[in-house]
Amino acid sequence: SVLSHFPILTDTKFDADGQLTTTDTSSNTVDTNPVKRLIYLDSAATSQKPIQVTKAIDDYYHKYNSNVHRGAHSLSREATSLYESARDKVSTFINANNRNEVIFTSGATEAINLVASSLSCPIGFCQANNWMCLKEGDEIIITESEHHSNIVPWQLAAQKSGAVLKYVPVSHDGKFDLDTFGELLSPNTKLVSVQHVSNVMGCINPISSIVELVREKSPAMIFLDACQSVPHTVVDVQSLGVDFIAASGHKMCGPTGIGFLWGKEALLNRMAPYMGGGEMIDQVYMDHSTYALSPARFEAGTPPIAQAVGLGAAIDYLDGIGMERIHKYELELGQYLHRRLEEVKGVTVMGPPVGTDRAALCAFVCEGVHPSDLSTFLDGEGVAIRAGHHCCQPLHRALGYSHSARASLYFYNTKEDVDEFVRALEETLKFFRSLDGGVDLDDEQEDDGFVPLF
Amino acid sequence: SVLSHFPILTDTKFDADGQLTTTDTSSNTVDTNPVKRLIYLDSAATSQKPIQVTKAIDDYYHKYNSNVHRGAHSLSREATSLYESARDKVSTFINANNRNEVIFTSGATEAINLVASSLSCPIGFCQANNWMCLKEGDEIIITESEHHSNIVPWQLAAQKSGAVLKYVPVSHDGKFDLDTFGELLSPNTKLVSVQHVSNVMGCINPISSIVELVREKSPAMIFLDACQSVPHTVVDVQSLGVDFIAASGHKMCGPTGIGFLWGKEALLNRMAPYMGGGEMIDQVYMDHSTYALSPARFEAGTPPIAQAVGLGAAIDYLDGIGMERIHKYELELGQYLHRRLEEVKGVTVMGPPVGTDRAALCAFVCEGVHPSDLSTFLDGEGVAIRAGHHCCQPLHRALGYSHSARASLYFYNTKEDVDEFVRALEETLKFFRSLDGGVDLDDEQEDDGFVPLF
Amino acid sequence: TTTRLASSSISIESLNLTPELAMMTDAFASIPDEKTRHKQLLYMASKLPDVDDSVRVPENKVPGCLSTVHVDCTVEENDDGRKVVQYFGDSDGLLTKGLLALLIRGLSGCTPEEINAIDPQFVKAAKISQTLTPGRNNGFLNMLAVMKKKAFEAVERENGGDVAVAVSGEEQSTENETAEVVTSFEEIEGKPMYNAIMFTLITVLKPTSITLVDNSSQHAGHAGSKGWAESGESHFALEVVAEAFEGLSLVKRHQLIYMLLGETMPKIHALEIKAKSPSEV
Amino acid sequence: TTTRLASSSISIESLNLTPELAMMTDAFASIPDEKTRHKQLLYMASKLPDVDDSVRVPENKVPGCLSTVHVDCTVEENDDGRKVVQYFGDSDGLLTKGLLALLIRGLSGCTPEEINAIDPQFVKAAKISQTLTPGRNNGFLNMLAVMKKKAFEAVERENGGDVAVAVSGEEQSTENETAEVVTSFEEIEGKPMYNAIMFTLITVLKPTSITLVDNSSQHAGHAGSKGWAESGESHFALEVVAEAFEGLSLVKRHQLIYMLLGETMPKIHALEIKAKSPSEV
């Protein structure tokens, strides 16, 4: 079990303050057949799940499984109660104004698409005089560093509505370019969508300055892609002052297949429906239908019930540790990772310089070694990192790389994990460099028993 | 645990041929504190889950949890392998031409919305000369009996594209009105969408006749809402001859939060993308993006990995019993339910008459007793049925009822469940009728110890 | 110590209920089982006056209910010159109709501001939320929301629409019970059973007079005299006068008390009852 | 019984591989561990001829790879007058480049029809699918798909574009190995180890001559003579001539054979080896 590599995920309470730094609870027992700890450094892609989360899902299926909302029997009431209390948990976790502002989606990608699609309803379909709808002449501003899921939906929306999509360029040091951003903002700006934390550069964007600029210079709505912040730090939608946020469950110890959209209630209820189906309607007539208010308005069909319950359990789990504590621990871990990587010869870490606060992740490139080769060989050493464009092709293009490798950590990782990763990285780089400079594998000097077959 | 009420769901093999009719495996043991069997008759809303399914989900999270596709480490490869083999299972289960025709969605509702939304891309956005796109003058034909999830998406599509939505009227006897349908079909018909089995009337629509008529009279694509057929009978997309089908996982012993769309590959690859994000792209540039082919084309973002794995386990489970066997058993059970209900005074069952093949479900109304009162009181007796419009308001309106009650069965139900339900129903009806005709509750004749407080 | 009923039950007081709604909430909470709560609702449904068909129009329809619900109200001026509303309505579902009857009774005769202050959480205190679908699509919550809205609209219409409606947050004095009703009793230390019985009966029955005598000591040594393990309370004599008994047979009056005492009842060895309506005193 | 190698390995034969691809598939499958398979790929990458920058154009790019891959081909006419293709290409990822080298070597010199017939499942048989992301977005599958398409396009272009390309389902005769290569051997009943060694070496090394003598009986009674429990095979003498040994030192030749015999090796007590290249015979 992967869980056995992360003792904290099977613990049920977190009273000791050193909990987050203790790793060798398992090494106390003498194991006759010891298993090497898996160095899982891909939590920005998806997190591992605490035992409480899978238990909550099992409990749901075994004890309360039933369809929600319209059922008049007790199982259905219990299922509804669990589902809706998960909404309450999310609502409290992000400090929403009220529970109706939280919409469960299949993930963050759907949350962004929901808003982009709903705001780009063709003229004639949208409610008369709905200021929110994107029209020709309107402008959408995003950044070049965004994840594809915060680019492509706005490209589609711009194509459909005739609005113009503008980009804040990437700064190589990972600093949000407030000057250019300020220049792009205008009374025509209808929507701004930025990520809270970059999944590649690890930089934490200055949301309060961004919000201030937007409010001063434009009437735009602000969408925050909070996928890489909600799992790692306290996110308070009211104090952030944005209009929408999106996050995914599977990156915050929750199940796959669930995420959420938060939006201001007044905005949500003015938006055109997204998917049609059961639950989202008030009345269905043959020639038209009338729609329910948020959140039902945007939750057509049987919702991801078990997944919401699992996400609720994940939130309870994270709250049990404390988001402040996780954030503090990860800031330190992130610095350590960054420092250690910078010390490795030929490695370039993307994003802000050492010393700047960053998420506990580093995307990097290694001179002469392709990220995909690197990750494959590190995998052989029991170190799981990711290689590719991390769904950020424009960002990579701007920085002049086609791909990068990325090590991303979560609260269950430790400095020892970082050490082991750096050790394996150095070894792998040494191996690849031995291939260079005309040193052939069949050279007797580098003999390790390998003979090419052909 | 709900599972304990359905021994078949915790069995791991099905060798004995009488498996489906044996119920009292639990009554062999003398229980000092016997629990009354839950009579769960709401499987058309959602099915209970076999232990194999929750085990598969747990296994996934504990042993293989990782993000899929782009990962270069072994956990990611294993997760991808599990996810993609679930696609193979669905593909084989419905006899798709190949695996690329199976798209995982959050449920059947999303599957229908995906096609409706993709086909109604505004002019200028869709590929030039794409015949598939809905335009002004095009006609969409559905029926008045459809589930809201097969009505509202087409209403939205018609509004967006300017196409006209036409309805085949409800027949009170549940017989598909082929004559009117034939008259509605024309060279302008671009799309026909009908349900395979009605979730209210239980009738099984004559798909082969429908397909034959469509192919003869129009160039239309045919969408089949197979939510109530895929869980209960062999569905072979190739022999059905339709172009798309949708089904949901949670109704076929699988997890919530997953369903699938099947479509002919050539059609899928001509369709505009649905959601934008990771995985669905080929290249993302700042001014435009190019898209991947099906299924990636329609699976933006991190997919419902654990849910797909669970659905795969559900398919293995159903295959273990045999879909032919389930179908045969349920036909008999459905007839029994129908016959027993018809014998109850004042009960009217909707749909085809006794003797006609039907799904193992009956929606019904009781003279003088509101369905919601009925279901609440039956719930007190341990019988879970559903009350409401079952997401079929137009159907109910056409039949002259605002709501109905519905008992829906699955292979784990038995004739004894039907008997117990009918007994409780008769008792409840008797109680409600005692309230009628001016007989007050404080009448000494009907004394059961109840005294009104005020 | 004197237990003031309204204040001892903190959870209910914080809900800003009208006196009538508070009484019914207490009463429902005291009903020991769900089936009986359902029967009470059905009884209330059967007593709800019929309405004219003109009420059954879309403007009066409550959205999101499993059954069809229509509700509306008129405005009256009460004794101290305040504008209060009177509700009426109907539903095809009997349980829903019972819930509607409860709201109609609990809200009628109050001002829009008093009605608006009501916290919907009282359905939990009344233990009737178990009957209702939680969260969104809760027909009961929608009923209450519609009734709150209608109260403001009706009063505004009555005022010729020229008076702006202000929902003030100021505390309302809703203490307008009749003087004769018993609202408090002297708690006896070490006698939990006595205190529990008194509390329940005073809360729900609103008696004009109530006396409960603990005769347990007279029966010391008698089999079963150790009724409630610690306190030794086992034998009681009750004399109660309440409006609730009006028109009920002797047997029904006893059944009513037994039902109210619910979980306490089996622990009592003997309860001697004298139950009268005020008109019989 | 004579074991015809091509036919005994059913899973491989059904994949419609070219002879070269079949050889490499067998060879990769015989490599005992993943790391060594990776090294073989890296070696092949290092041997892949450089290409001109003109090859690195969007038309030659393979979609869906983790690294950037470009591939293209030219057409040649082979000895029997058939149009065959020669591939060339490059990738920035070394493992990917190794996979590309494998395909380039396996597919070059064949007709578009032969290439099109290849079942991509051979990567499983070659045990290199473990290195690849399964399912969609499989860069390796995309490489093969692009190469298949390019073969048809190139031949069509060569023919002036006026000949329609027909992918016929007819069986292709791809038996064009050199006559000198040993392709079969006489299986000996009761000698599983002998059969296994012969099978592996013939399949992978394509020897021009091979002799394996079981000397176990000479060593009866000798410690460890019960090599393979049932059959008692323990001591062998091998004489093999193969192109694969060309340019390799003696030690490397032995290592190569040890690696190929993989799981069988530890069960053998002694293996006497004489390994030569054809030019040394």
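Every chain is named by a letter (A, B, C and D) in the order it is written, and numbering of its residues begins at 1.
Operating definition for what follows: a residue touches a chain if its C-beta (ideal position, glycine included) is under 8 Å from a C-beta of that chain, and two chains touch if they have at least 3 such contacts.
Please read these numbers as outputs of a predicted model, since none were measured by experiment.
Centres computed as Cα averages put chain A at a distance of 43 Å from chain D. Computed centre separation for the pair chain C/chain D is 86 angstrom, with centres defined by C-alpha atoms.
Centres computed as Cα averages put chain A at a distance of 50 Å from chain C. Counting only residues that touch two or more partner chains, chain D has 66.
Contacts with at least two other chains are made by residues 70-72, 76, 279, 372, 376, 387-388 of chain A. With chains as nodes and touching pairs as edges, the resulting graph is of another kind, matching none of line, ring, star or complete. Contact between chains, per the stated criterion, is found for A-B, A-C, A-D, B-C, B-D. Interface residues of chain B facing chain A in the complex, by the touch rule stated above, are 1-3, 38, 40, 42, 45-46, 48-49, 53-54, 57-58, 61-67, 70-76, 106-110, 112-113, 116-117, 121-122, 125, 144, 147-149, 151-156, 159-160, 167, 248, 250, 255-258, 273, 275-281, 283-286, 288-289, 300-307, 371-372, 375-376, 378-379, 383-388, 390-391, 393-394. Across the complex, chain A is touched by residues 63-64, 66, 130, 132-137 of chain C. Interface residues of chain B, counted against chain D in their complex, comprise 69-72, 76-77, 80-81, 83-84, 87, 100, 279, 282, 292, 295-296.
Of all the residues in chain A, the ones that touch chain D in their complex are 370-373, 376-377, 380, 387-388, 402-403, 432, 435, 440-442, 444, 449-454. Residues 24, 27-28, 31, 34-36, 38-40, 42-44, 46, 66-68, 92-96, 105, 131, 204, 244, 248-249, 252, 255-256, 259-260 of chain D are the ones touching chain A in the complex.
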